[in-house]
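Pasting a structure below so you can have a look.
Going by the order they are written in, the chains are A, B, C and D; count residues from 1 in each one.
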Amino acid sequence: MNDFRSDNTHGASAEILEAMARINSGTFTSYGQDPLTARVRDRLRGIFETDCEVLPVLTGTAGNALSVAALTPPWGGVFCHEDAHIHRDEMGAPEFFSGGAKLFPIAGANGKLDRDSLATAIDKIANEGRTATPACVSLTQATEAGTMYSVDELRVLCDVAHQRGCRVHMDGARFANAVVASGASPADLTWRAGVDVLVLGATKNGALAAEMIVMFDKSLAAEMNTRWHRGGHRASKMRFLSAQFDAYLSDDLWLRNARRANEMAARLAAGMTEVLQPVDANVVFARLGPDVLARLRARGFLFYDWPLFGDGAVRFVCGFTTTEAEVDALLGALQSGR
Amino acid sequence: MNDFRSDNTHGASAEILEAMARINSGTFTSYGQDPLTARVRDRLRGIFETDCEVLPVLTGTAGNALSVAALTPPWGGVFCHEDAHIHRDEMGAPEFFSGGAKLFPIAGANGKLDRDSLATAIDKIANEGRTATPACVSLTQATEAGTMYSVDELRVLCDVAHQRGCRVHMDGARFANAVVASGASPADLTWRAGVDVLVLGATKNGALAAEMIVMFDKSLAAEMNTRWHRGGHRASKMRFLSAQFDAYLSDDLWLRNARRANEMAARLAAGMTEVLQPVDANVVFARLGPDVLARLRARGFLFYDWPLFGDGAVRFVCGFTTTEAEVDALLGALQSGR
Amino acid sequence: MNDFRSDNTHGASAEILEAMARINSGTFTSYGQDPLTARVRDRLRGIFETDCEVLPVLTGTAGNALSVAALTPPWGGVFCHEDAHIHRDEMGAPEFFSGGAKLFPIAGANGKLDRDSLATAIDKIANEGRTATPACVSLTQATEAGTMYSVDELRVLCDVAHQRGCRVHMDGARFANAVVASGASPADLTWRAGVDVLVLGATKNGALAAEMIVMFDKSLAAEMNTRWHRGGHRASKMRFLSAQFDAYLSDDLWLRNARRANEMAARLAAGMTEVLQPVDANVVFARLGPDVLARLRARGFLFYDWPLFGDGAVRFVCGFTTTEAEVDALLGALQSGR
Amino acid sequence: MNDFRSDNTHGASAEILEAMARINSGTFTSYGQDPLTARVRDRLRGIFETDCEVLPVLTGTAGNALSVAALTPPWGGVFCHEDAHIHRDEMGAPEFFSGGAKLFPIAGANGKLDRDSLATAIDKIANEGRTATPACVSLTQATEAGTMYSVDELRVLCDVAHQRGCRVHMDGARFANAVVASGASPADLTWRAGVDVLVLGATKNGALAAEMIVMFDKSLAAEMNTRWHRGGHRASKMRFLSAQFDAYLSDDLWLRNARRANEMAARLAAGMTEVLQPVDANVVFARLGPDVLARLRARGFLFYDWPLFGDGAVRFVCGFTTTEAEVDALLGALQSGR
């Protein structure tokens, strides 16, 4: 297919579609009061080694906006990387769901926040006292730049946040890729480091439309449930959402899919010299000349320009269905013109 | 199964699940720029006999709230039946999406608004000028009470609305049931009568999670698209949503499913004497004694109490998988105790 | 002047204007960090016999909307009389400030809520669980109908509210009139009865533009301060607002003004037979024939039709500058045509 | 008094207090339907040489937030200087009133936006298409840094905005200071340059609490009126607000007050070597050593540290009551330690 545009252009894992078909017959209590939904909750509690509360949604934007809103009053300040999806790509969803919070985008190398710039940004707003009330730090793991925070980095950033009265949201659209890449446990990458709410992505990694809000602070559950209902994110035939997660979390499917995507990205990066950022997960950024780009496109390769990273920057995303042959074909096309 | 609780307790039509599996292989442009989504749009334009704009969402609440918000400024008044889903069941979704609009619930027999009470309600608010700006009338078709507006009734109500500067939203969670029951064309039941935006339900009638915002006023499309994005309702792997609609609208599946549900409700109503409202669609309300209710429940029949309609009121919903045997079993259990 | 339209058509008490002139010279710390503002706070703590927090605003709508918002989450239900100013006259201010709360207007004789209808309304919404979360009861004292709650009535209604998890807001645009009319202490009429936040009016009763949010629940103060700032209600030259209150609360000016207005209304009501509601405060509602109304208007009397109370209903408001001669002239004009 | 903290620590002009006292007797139609309010509107139309619509508010934050909200949809982008009051000092008021718009703060020398950085910022958001819809450019005149845009600079910035589909708001808290300093006409400084809405300040320049929203685009008036009502900014006894403006705009009081303040700032700046920014209006920023600051404070001079402009930066504001003697005393204290 030669499609490196996004994880979203891929379909769904066969296991997931099969699980949806399997759960189809008979009637079930709607809105999540069914045994399958309970089983998914138990699976997540096992994977995260803690008694968390969970709530499924159908898009990552919904999960992020609901979570940020639950952590932030309408006059709150949300601190995030300047390339964070919640700031750049959600058309103001966090502002809408929170009732008018302010996002404070912060620059940082490799798509990552660093301790000092985060602390400085929060302190400045706190000291002025007339702009917003610092309330939330949002981290993306793996980041929008295809990089990853280590467990230690997460711990430091969460400490910076908590010491300043902020709670921590993690956008985990590619959380599985970070688990695989880091070798760390889901617990170490989240609540043990200080994350209060994770949005665990599945859509980009083999599901159809399924993200899970994982609340390590269980006191958020009642309010989140109301926000979810009121936001139009409460699916009636929940069985079909739960079936996606049940298969996704079974037999390490989520990790297997992420591993495949990561490996393909690593293979691609290893064959190129023009890579712009460390490739920790499944996304490769590179700077290529106009003739190279034209040649790749002429041969049918699909990928997006990435002007945020400068002229000539492009993004290649590997998904759970990307094959070695596709990667090698891309590398071949790259090299053929040299 | 003996489950008469809700259309939402049923699963999905096999044709729909198969369409989703069929569309799975290969990559597709995400967010709706794919050929299947275009085909669904064309199907809808054919069915509604007009060049409408459409946007899919995953829940009815999302569709309703987005539509009402697109028709109503933050200071607008929304006029609806007092039992309307948007007022009673959506935890303030229209208020949230509109930025604080006011809903004015209006009483009306059989779950329906009538011309005079609607006109009076709007005029009162317009004349006072300090409560809200009348902006939107919301009709449910088929209604929450299992009844239906005729084409003539719709035309009259839409005229009342438009003459007073209000636009018309139709909650069509059970629109297919109304099409089948009325024998009228989708166009006659909507834009030809004066409806500006329809939310066409599929979830209750055989889809997994799929509702379609149908904008007969095409000028709403750009704003709706932004609201949809910002509301977290923009599914990335749109193919799976479009596949549901493609199958739903093919070979009259949507009408066949609705017809089955309507017929089962009619069969049930015909066998009972305690029916509370005309049974136009797939829902039967009845008032039964406590001993009868206890007996039905003892025999495993599932259904909800409906205290809105008075003591002893209950609701039986037939779905697209309800069988004659199930209806007859329920009727048998009802009669056995007489 | 023969003007019975509203308390708002009257000017300001001389004592208040003089206090503003007196405080003019020199510089003062802005935004309320001045000694006069502190003195007003102390005066209010004395009058209410408790250690309340206070925050001045410039309009009653601002005070009400900020207070309701502080007591109500965006998904909250607010229960009030159907003629409450917050519902009928504020163009959705409570919905706006709260981020989309729902108001539930309740009918009640003489502009007052009664225990049973309030309890029933709250319980219905609580039991359904899908409409809103009951959060706030709003009472107006004196009411929009010119009547008054007794201390016992207030206690009962506040108990109904608190037992159901609701907090109580009091719209006190005419609170001084109620104090005078009831003979009860400000404390008994508010926090001792269970009121959580009072908006104490001054504008209608001799100030220029000054209302005070009185928080008996001091934990509301920090959030209220932020909402106030963000709502654009934080006056920089606070001295001029505090001066109004300082004079208003000195030498019983607030009670003297209210007593005068109440007495004039009582005198007017005593001379008429067509009075529609008990006249507890400074407002008289009456039903008069079209010829009588025409005659009054021809003679230059100013007053508003009040169609809410039926055909021919009118409202006469007495203010702190209304004279006996004006009342007698109105009574004379009424009787002259009999 | 030796108070250089803010224009807000000064009182009010005698002419304004006298006008308020003069208008006190008798009754007036409330909410602005009085002849004095009409006269103020006419005065403003004369001063601005155009048939504008006007609406008074009691704080600058209210005026700014209402204006920005009227120019910006909930998903709109608002482009302003990074030190703009609407971004730094209003606790999210524009976000609240707009329903969640995003502000994009832009760096710029001397508190001013420049053409290229404004164009680049808008184009970036427009091109991405997933962050916000560019809707509004907000300029402050005179700026928060005590500088001023020339008529030519304003024209260029307004063109940049309009060419990109943005409308222009001007925060004119110190507009009178800019008129005096520039010698340009109010019309040239606003609508002729392309400004759509001006918030004309009076509070900082001799009024008690009075700002005027001046809509050069008259089509905004109806919506603004509703937002104003709903925001709790509709003063009932409007006469007292209009009296402030009537006096303020009579006999050039507004320009005389501003001239005095500007002259005092110029005198102060002329006597110092440590001035940080051009002093166009009534505000002087300087960088002083810790010993100098300590000495000034020991001698009773009041002024604020201004850490935004670096370590040791302070702000001196001259108001309409600042005297030459006060300025000279400050200069004397500065020099005494050299």
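One rule holds in what follows: a residue touches a chain if its C-beta (ideal position, glycine included) is under 8 Å from a C-beta of that chain, and two chains touch if they have at least 3 such contacts.
These numbers come from a predicted model, not from an experiment.
C-beta contact counts were set side by side for A-C and A-D; A-D has more. Using the average of C-alpha coordinates as each chain's centre, A ends up farthest from subunit C. If you average the Cα atoms of subunit A and of subunit B, the two centres end up 33 Å apart. Subunit A and subunit D have centres, each the mean of its CA atoms, that are 42 Å apart. A straight line joining the Cα centres of subunit A and subunit C is 51 Å long.
Listed for subunit A are residues 74-75, 90-92, 96, 99, 130, 226, 229-230, each touching two or more other chains. On the side of subunit C, the complex with subunit D involves touching residues 1, 3, 5-6, 8-12, 14, 17, 20-21, 23-31, 57-66, 90-93, 96-97, 203-204, 208-209, 226, 229-237, 239-241, 302, 319, 321. By the touch criterion given at the top, residues 73-75, 99, 130, 133, 223, 226-227, 229-230 of subunit B touch subunit D in their complex. Only residues 74-75, 87-92, 95-96, 98-103, 127-128, 130-132, 307 of subunit D touch subunit A when the two sit together in their complex.
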